[in-house]
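Lettered A, B, C, D, E, F, G and H in written order, each chain numbered from 1.
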Amino acid sequence: MLKDIEKLLRQDKMPHIWCPGCGNGIVMKAMLEAINSTGIDTKKTVVVSGIGCSSRATGYMNFDTLHTTHGRALAFATGVKLAKPELNVFVVTGDGDGSAIGGNHLIHAARRNIDINVVMFNNNIYGMTGGQYSPLTPHGKFATTAPYGNFDRAFNICDLVKGAGATFIGRGTVFHTKVLTEMIKGAIENKGFSFVEAVSICPISYGRRNKMGTAPQMMEWLKENSVPVKAASKLPPEKVAGKILVGELYKEEAPEFTQKYDELIARFQKGAE
Amino acid sequence: MLKDIEKLLRQDKMPHIWCPGCGNGIVMKAMLEAINSTGIDTKKTVVVSGIGCSSRATGYMNFDTLHTTHGRALAFATGVKLAKPELNVFVVTGDGDGSAIGGNHLIHAARRNIDINVVMFNNNIYGMTGGQYSPLTPHGKFATTAPYGNFDRAFNICDLVKGAGATFIGRGTVFHTKVLTEMIKGAIENKGFSFVEAVSICPISYGRRNKMGTAPQMMEWLKENSVPVKAASKLPPEKVAGKILVGELYKEEAPEFTQKYDELIARFQKGAE
Amino acid sequence: MANRKEIRLSGTGGQGIILGGILLAEAAILDGKEVVQTQSYGPEARGGASKAEVIIDEKPILHPKVVIPNYLLIMSQAAADKYASEIADKGLVIVDGTNVGKIPIQNAQVAYLPLTELAREKIGNTLTTNILAIGALAGAGDLVSYESLEEAVKMRLAKVADLNIKALRLGWESAKEII
Amino acid sequence: MANRKEIRLSGTGGQGIILGGILLAEAAILDGKEVVQTQSYGPEARGGASKAEVIIDEKPILHPKVVIPNYLLIMSQAAADKYASEIADKGLVIVDGTNVGKIPIQNAQVAYLPLTELAREKIGNTLTTNILAIGALAGAGDLVSYESLEEAVKMRLAKVADLNIKALRLGWESAKEII
Amino acid sequence: MEKLRKAQLLQGNQACAIAALEAGVRFFGGYPITPSTEIAEHMAAELPKLGGKFIQMEDEIGGMGAVLGAALTGTKAMTATSGPGFSLKQENIGFAAMTEIPCVIVNVQRMGPSTGGPTAPAQGDVMQARWGTHGDHPIIAVSPASVLEAYELTVKAINFSEKLRTPVIILLDETIGHMREKVELPAIETLELYERKRPSTPAEKYLPYETDETGIPEMADFGTGYRWHVTGLNHDETGFPTGKTDVIEKQLMRLLTKVEKYQEEITLYKTYKIEDAEYLFITFGGTVRPAMEAVEILRKEGMKIGLFQLQTIWPFPEEIVQEYCKDKKTIFVPEMNMGQIRGEIKKVVDNKEKLVGINKINGEIITPQEIVSKVKEVANKC
Amino acid sequence: MEKLRKAQLLQGNQACAIAALEAGVRFFGGYPITPSTEIAEHMAAELPKLGGKFIQMEDEIGGMGAVLGAALTGTKAMTATSGPGFSLKQENIGFAAMTEIPCVIVNVQRMGPSTGGPTAPAQGDVMQARWGTHGDHPIIAVSPASVLEAYELTVKAINFSEKLRTPVIILLDETIGHMREKVELPAIETLELYERKRPSTPAEKYLPYETDETGIPEMADFGTGYRWHVTGLNHDETGFPTGKTDVIEKQLMRLLTKVEKYQEEITLYKTYKIEDAEYLFITFGGTVRPAMEAVEILRKEGMKIGLFQLQTIWPFPEEIVQEYCKDKKTIFVPEMNMGQIRGEIKKVVDNKEKLVGINKINGEIITPQEIVSKVKEVANKC
Amino acid sequence: MAKIVINQKWCKACGICYGLCPKGVLDKDDTGKVVVKNPDACIMCRICEEHCPDYCIKIGG
Amino acid sequence: MAKIVINQKWCKACGICYGLCPKGVLDKDDTGKVVVKNPDACIMCRICEEHCPDYCIKIGG
């Protein structure tokens, strides 16, 4: 509930810079809800972001926050987490920030299974720079650099991080806020690399150019085009094709990177005694 | 056969710089065999590499060849192919070059399904710089920067490129040269992004430190630890676990990037008439 | 610098301020004038005040930015708060009375026009407010000829020219009235 | 520069040339001398000629590279082809006769020793050829004291010290003989 | 008289993109970044109409790589970016310099360091344009001061890159890139365009880095049977790696001096009211026009001051600047940085005391008034 | 007398790594590259023994990012690379400068441009160290000329970075990095170490970019409840983004002048036989020792020549160099590049004619003999 | 009756809350900002609270 | 009899060919380089040709 998480918000920085109807505020709220409900020590929590509209979230979240260079949040976060494994480390990233320029850090952090929780604010566009296509812009959609429709194929970003080695993967949307919050909670609870795709809406740089209507209409669209992953398995394929699957997509147990490192250190310390 | 491909070799640059027993020469030979047997126009063939022992292969292959910066072969190759789609474009890369520093270009080229054939010389190590661990160095193995055993997890690089969108994926080894050649042929025939993992041996920077013996012994190891993918499905799981699967791993039909672009251009040209 | 006209259009992101500036600038070109158009961008400005500037002169324009405007359009309260204080003596200010309260300017002529209301009621579309506004400013300030401005609107907004020309003319005339 | 001893060890990648240089250098330190050790790296050098250099002096060493060696070890034909020509007048050259043919040096003393053969036959391990070689060079050239060299071998090659000390001594003595 | 097109309102970034297309650029590889994005957007819209290719790569490094790959096929290729992206491109810019691949990089400067002020005007990347990549290397950089110059210098930049086979940097700044103004572009048929020299020898005899007295090797398009090798390693005339010290030195010296060799042709500059000037402004890019306005103001007040505008910044035209500085009482250097060009002038001016910087780094363009008051402050002291 | 450890044979890269560990570095994030890799390898082996962390990242950009993340937790952090990697790190180095995160970057220079000569000595990245990232920014760079100096200057570099909250670059070159020589390290207990200042105020009152007269803000470790915000955007004292021009200017001016403010303390140099010198060498890093040898040779022949060694290269010690140049007949500047440091001296020397470069870029170290013959050639002309 | 606390100052008039409210409790004013029209109908489902991107709505005790 | 063409100049003595030859046709000399010991036994399987990293062996017509 809002009143419970107000303490986690830098109230004096509000209202935030996001456009009317931008989904970023909703995703950020889900993050704060999840953090609040898991009861992790907020003094020992660090949120790291790259550059983009979404990445500005760090400015509003009341933790130690780090707004890095474009695409590099996970590299910085890796340093934070490895240097001080007792910290809870989150990464806020956009679809451009995290899957275009930051794609390499994403797959390698996943590979290492380092205990970082990534929330990718996926608005299917480069919002901050005014609407260029991103690796998650669907085929055929319009963008300022895709004036004839995008003919890149989009990543299924959850498939990609799975191929890379992530141990927790979930997806929610700004319509499905409860699921989204649950997924972020799942990420926090997973001791390893966790990835949550938060499907968001950008009425200004994406919706407008693609004639998707107002923010509430985009919300409606999300509702109609999503299927809970559990339900999906019971539905006929044609009801699932092209739909956004929401919920927990993958989970696996595997050794965590900083823990392995600390075991090595412990081995030396024992040796020294 | 060697005599058939000698014309594709820059004889005056031989012998090559690779160490005694290095698998790179074998992989390069498989590439030349495949190119030769498919009969593609060798004047219209460009091979692009990054930096590493393996990436030096471009210096010996008698095409237009481009030895770029570390990790960037696919970016350059994308420019070559898109600018002149009639060219046959190959990328030679190492496990470090292609999956560490070059990982992002790899997944994005796969996503776009651009018609480039990537052969990754996987010796599980950074050979050129003397034996640091790579993203494909198996967990627990030793390297100069992993003096206590590698505690990174390795990518299954074929899974990764699959998650990213590659439309042809195959694997061979320097022991299984026929399979390797077949896979590269398959790559050439696929009109889209193709990826071939060539499992190689580096007796000097990897084998020695990991007590894997001489080059013929490493060959033997490859033989014993590989299973053809077709056979694998019929074997009990315990016979397959930890083994290198060789053969065609994935194939899919999908629109190719430069072709889509050319269709757009054609649309305009028609419009102009 | 006598002939140099420094124009500042201010409002809030999404109000079409920059388009307004471009139309004024293109009209000036059609009039055979020299012209420069600039704007202040900024992610910070999302929802906040933003501005577009136009300088029109007979001779080549050196410094391309408005130093102190002779002509000022204020289309939102945020813009008023930020820009209302800067205006040349004897300058002209047009304020969208629908959105903006009284502003404390003494040294210049200030005209309050209910621009948004006019657009809503008389044109039937508040999206034309910016066109109406530049019509008003240009008309009152004698910045460009009406013909050129209409021509500019026709070129840029070909698909929706009719509606916008209606708005333009309304703006132009309502300003002429009050001056 | 009178006391400056410039030593070049040349051979082929994998022959342990650099280790040899390090051992010489560490022995020189034990002798209380100043010493610098460098080498030429290069991926190009894989399988080709490579070199390690040591400079020993009584006083601080300024320029850290060999300009023209007084002492030269040649362990492979590739190295001979590349480095045999450069030697100071009255210098000393030791050639592994097992691997290298005659070299055309006139201005220095050249000793052909079957180093690899000695290592194979007398030590039973050709991997000790480099140790044998620096023993020979140090012995013939009076570069460092035997004790220091043995100490250096013990420190660096603790695990396989015995075999290597055997090789070292053999090298040292065979050189002393021929000089 | 010069043939001109009809007057139109154009943005600096747009003018740059239009010029590139008209000068024959048929490949653009980039990554969006404020305040350069309009260039990419224009390219995305127009290139396919001309049979050219636009690609938005995964990052700036990839954009630069793609440009170089395309250039090797014989295509004129370009990218555009701003500070953070320019930093990322540096490694591959060095590759272009080393391998002599023609290409043009537009850097629409914004305020730095780091993310700084994405939409704030600045001129802080002047030295980076020269020294951003590792190792000694040749580079050319030009900097326009108006929308028309953005057009003209882009055409020149492309010509220089093709002629000298070297990366050329166009240093726009936010002021010029985002400004719209009236321009009358030269008629297309009046453009003088240059294409890299293709091999005059058959494939068997082709030595890709052999040169005649021009110092510029001929360049074969990939896919035409020349089967040559391109590497960023030290290489010899054949293009293959070498470790031979004399060969390395020879190739590098040619590389480093080839730009000097054409310096006269490359050096573009303008002067303003300089004939009787006792005082001088030296400036470039977005600070030129406020400084010109300052000339006007100061001259009205009786000060004999003129202006020297560097259009070509790199290689720095030392001799010409020295010449113009010689008999001046004071030389004022307005820059939206802390004195990067002033540092270069310092190397050649006879008396350093005469050199005065007028610097501004607060995210706004320097104004004529600020320049005037600084000039007066100093001049009164003299 | 100074307390020293037992003499030992150490490699330059190794000495640098040892110094870093002894000066308290507990995090290393890097990516292998010749000729710097030994530093990473040493760190990988030793850090876990000390409870510190080593990570080999996916590339140099990531390495630099990880270092900055670690530094924010209060850990002294370092990376090492060479030219191509140094180019890639530039964007994040700018971030460190802007956000004032202490960190040390070792660049073991190799021959450039581009891939160049990976194992060939060169000093071609001097200007890049200063200007490699976009925008005006502060930077400190030191360059050792011996294995002992590699140790000493690494300790200094770490202290400078902590004290001034700024990235510090150690410009080794292949010569020094790969050379082994006898060294007697100072006893550990004699090291003077410096740690960044932690906040003296409680979290509620903490303004992360507020400063007293030191000009250096206090820095809270992440995870200690200070809940502060770090951004590469222009920011105010609170650390949050601002668009206010006066605030931007104030913060940037502090950033840019903080290094100058401590210039005296930062400026390290050595002189050699300079008392009666009529001629002077000015040099740094790997060219110092051949030049010293040249001093010896030339003095034997009766030439009164001395040597000034820059240990701190950036900020360039203009005044001191000017002072030392003043009464000299000729100033010779040996460099393994085309005159990068010479360019800086040119800015301050009274008579440019007196300045003579001795440059070598063929992949081999410059020799005393080459220096001597160049000196003679010039001196004979005088 | 449900307590509905609105922070109009932060409201950006996006329309999500009154668009999604299942009970027509919320509406817009002239400028599109949220107003409470029909508080009694509120069923405290919190859909508005959860979906307001601007942290303007608090529902309930 | 199979034609076995060896290019000793390029051979780096890695041992792969004579290690893998199923028929003991190939052997090493003093320096480890390949020599043909038993040409008659060759079954022309080309294993050696395919696996020689240094392009030293050609088998057959």
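As a convention for this text, a contact is a pair of C-beta atoms (placed from the backbone, for glycine too) under 8 Å apart; a residue touches a chain by one contact, two chains touch by 3 or more.
Quick caveat: nothing in here was measured; it's all calculated off a predicted structure.
> Could you tell me which chains are in contact with chain A and with chain H alike?
Where chain A and chain H share a partner, that partner set is B.
> So which chains are sitting against chain D and chain G at once?
Of all the chains present, none is in contact with both chain D and chain G.
> Let me spell it out: compute each chain's centre from its C-alpha atoms, then which one is farthest from chain F's centre?
Farthest by centroid: G.
> Starting from the mean Cα coordinates of chain A and chain B, work out the distance between those two points in Å.
Their C-alpha centroids are separated by 32 Å.
> Where the centres are mean C-alpha positions, what is the separation of chain C from chain F, in Å?
Going by mean C-alpha positions, chain C sits 54 Å from chain F.
> Just the number, please: Cα centre separation of chain C and chain H in whole Å.
86
> Indicate the residues of chain H shared as contacts by at least two other chains.
12
> Considering chain C alone, which of its residues make contact with at least two other chains?
42-44, 47, in rising order.
> Where does chain B touch two or more other chains at once, residue-wise?
15, 18-20, 67, 69, 100-101, 103-104, 108, 128, 135, 148, 152, 261, 264
> Mind listing the chain A positions that touch chain B in their complex?
My answer: residues 100-101, 103-104, 107-108, 111-113, 135, 148, 151-156, 159-165, 254-255, 257, 260-261, 264.
> Could you pull out which chain G residues touch chain A in their complex?
Listed in rising order, the residues of chain G that touch chain A are 9-10, 12-16, 19-20, 46, 49-55, 57-60.
> In the complex, go through chain A and note every residue touching chain F.
Residues 13, 43-44, 46, 48, 58-59, 62-69, 72, 74-84, 86-87, 104-105, 108, 261, 264-265, 268-269 of chain A touch chain F in their complex.
> Name, in rising order, each residue of chain A that touches chain G in their complex.
1-3, 9, 14-16, 18-26, 29, 174-175, 177-178, 203, 214-217, 219-220
> What residues on chain E touch chain B, complex-wise?
26-27, 29, 48-49, 51, 53, 55, 57-59, 61-75, 77, 91-92, 95, 222-233, 240-241
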